[in-house]
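Two complexes, one shared chain (chain A), two partners (chain B, chain C).
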Partner chain A sequence: MADNVTPRVRVPRDAAAGETITIKTLISHPMESGQRKDSDGNTIPRSIINRFTCEFNGESVMEMILEPAISTNPFIEFQAIVPESGTFAFTWYDDDGSVYEESKDIAVS
Partner chain B sequence: MTMSTLKTAVCGLALLAAPLAASAEELVVNGEIEMITETEPAAHLDGALSTVRSGWTFRTTETKALQMDDFENPAMISVDNGMAAWNTADGAEGKSCADCHGAMEDSMEMVRATYPKWNEEAGEVRNIQMQIDDCRVNQMSAEPYGLDSRPMLAMEAAISSVGRGQVVDVAIDGPAAETWEKGKEIYYTRFGQLDLSCASCHELNYDNYIRADHLSQGQINGFPTYRLKNARLNGTHSRFRGCIRDTRAETYSVGSPEFVALELYVASRGNGLTVEGPAVRN
Partner chain C sequence: ATALPMSARAAIEDAIAAFTDGAEMAESGITLTAPEIAENGNTVPIEVSAPGAASIIILAAGNPTPGVATFNFGPLAGAQAASTRMRLAGTQDVVAIAKMEDGSYAQARQEVKVTIGGCGG
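Now for the complex of A and B:
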């Protein structure tokens, strides 16, 4: 179980129709790879964010599978074209079954 | 390509390059906190430095950019943790930092710019970390964090973050003068098998390379600093230790009176720069 997991997202508040915008996301997470051992020689179980999705008004923008080699506090930056005003919904899926969600509105003029 | 089109192309490049270069030389965090990254040396330096430069000015464009936006600055996660700890009750007294000090933004704004500072009751110069643990033990009856521990650095980073943009102005006169003199002596004392003083690198050779590393002036206005090499916050004293270790000397320990004195002296060399902590460095 990962503690202190906080998702953070930055989306521009407004944009022009058809404009390409940059979205930045960051989630604080240890991303324990499952390859390491503790001081007693026991394997530290894997605990990572394994999937990330972004949807805009219910439509998939991007989906990403994360693997154990991705480092602590994954930072994901990508671009999207926004056709209309709406809401971006971001979801991170944890190995332990937790789901972290965040959403941001954008106004398109 | 004819000569005239070639000229136009070159001219176009120059026009493009100019604004980029200018923006790379000014440190403005989040588009609002304007930093002083180069300034006149304080009077006590007595000509030892021709100009005082923040460590930020020695880094690459990419590293510089990380510090210009809180979303990109990896240290801000620790700042959030420090802010949360500030508002969380801990210890037998059931008090949080905020119960006495109120909002961090109001009460701690000038702290990072003025520490290390003489503490009249204790009769010694103290840095922020010593003050935090003193508060935890004596006011909150909580376990001390321990100097340069992760929760300590997170708290120090949070306190520093609310003071960003304030001009560093540590007092070196009055009761702190004795400690300051001691710090100055350590700064100019050669240590270790390599026989190096702080000044050998950071005063006489800044801007030059030491192996693959670009030497800065060793200013500490950006501490606690997120270092890309170990991907965590680093405290001033741990950094001093690393430096002295590299001269192949026995080092003083974190929190020792020697390092507090050195911290005061080094901070005073950066009087006039702005608080940048938590900064991003190599």
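Now for the complex of A and C:
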């Protein structure tokens, strides 16, 4: 179990209908690759976030499959279309079964 | 290109074949943006963009395992593009392959020179 896993997301507060916005996400996580060895020469077991999804009002924006080659504290930047006011839901899936969630509201004016 | 052990070369060929099913790949239609020289292999910024792609896979030919990330774009994706940060074990080719909505494939390749490797080996 990774400790102190904190998701952070930046989404604009409002947008025009149909506008494309940029979303940035960062989650604190060691992303232990399974390649490193400890001081006794034992391999440190892999422990990473393996999947990330972003949905808006239940419809998919994007899904990312993460491999051990993704850096510590995974950063993801991508773009979304905002057809109406609603909520972005962000979900990160950990190797250990933990699921981390964050959501952001956006208003269409 | 970088000289690789046979096993690493085979691993990336296998990973490409698994994604494309051996289909021909166009050399245009996808953009891979990565630094030419990365001082620290632990966190190398990378950006991929392929208008009209259903999914994009990123592979690192010289890492212990070639897989880096796969992006699957949904109907509300504002662009078939994404940025992230990756680890590179050493100087090597980074490959991005897009599967387009029409079922065709496109690839982009770039060598990244790494000063300090990022896989703890």
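Everything that follows uses one rule, which is that the second predicted complex is superposed on the first by the 109 of 109 C-alpha atoms of A that agree within 3 Å, B and C clash if a C-alpha of one lies under 4 Å from a C-alpha of the other, contacts with A are read in each partner's own complex, and residues count from 1 in each chain.
Methods note: a residue touches a chain if its C-beta (ideal position, glycine included) is under 8 Å from a C-beta of that chain, and two chains touch if they have at least 3 such contacts.
Keep in mind the model is a prediction, meaning the values are calculated, not measured.
Taken together in the superposed arrangement on chain A, chain B and chain C fit without clashing.
With both structures placed on the common chain, the touch criterion links A:M64 to chain C but leaves chain B unconnected. Here the apex is the CA centre of chain A, and the angle it makes with the centres of chain B and chain C after alignment on chain A is 90°, in steps of 10. In the superposition on chain A, A:T20 makes contact with chain C only, while chain B stays out of contact range.
In the overlay built on the shared chain, the residue A:T72 is in contact with chain B and with chain C. Legend: residue contacts after superposition of the two complexes on their common chain; A:R10 is shown touching chain B, with no touch to chain C. Put chain B and chain C next to each other and count what each touches on chain A; the higher total goes to C. Taken over all C-alpha pairs, chain B and chain C come no nearer than 5 Å in the superposed arrangement.
The residues of chain A shared by its contacts with chain B and with chain C are 71-72.
Residue ranges of chain A in contact with chain B, taken from their complex: 4, 6, 8, 10, 24, 26, 28, 71-73. Partner chain A is touched in their complex by these residues of chain B: 71-72, 74, 77, 80-81, 231.
Listed in rising order, the residues of chain A touching chain C in the complex are 20-22, 33, 35-37, 55-56, 59-72, 74-81, 83. Chain C makes touch with chain A in their complex at residues 42-44, 60, 63-65, 67-79, 81-88, 118-121.
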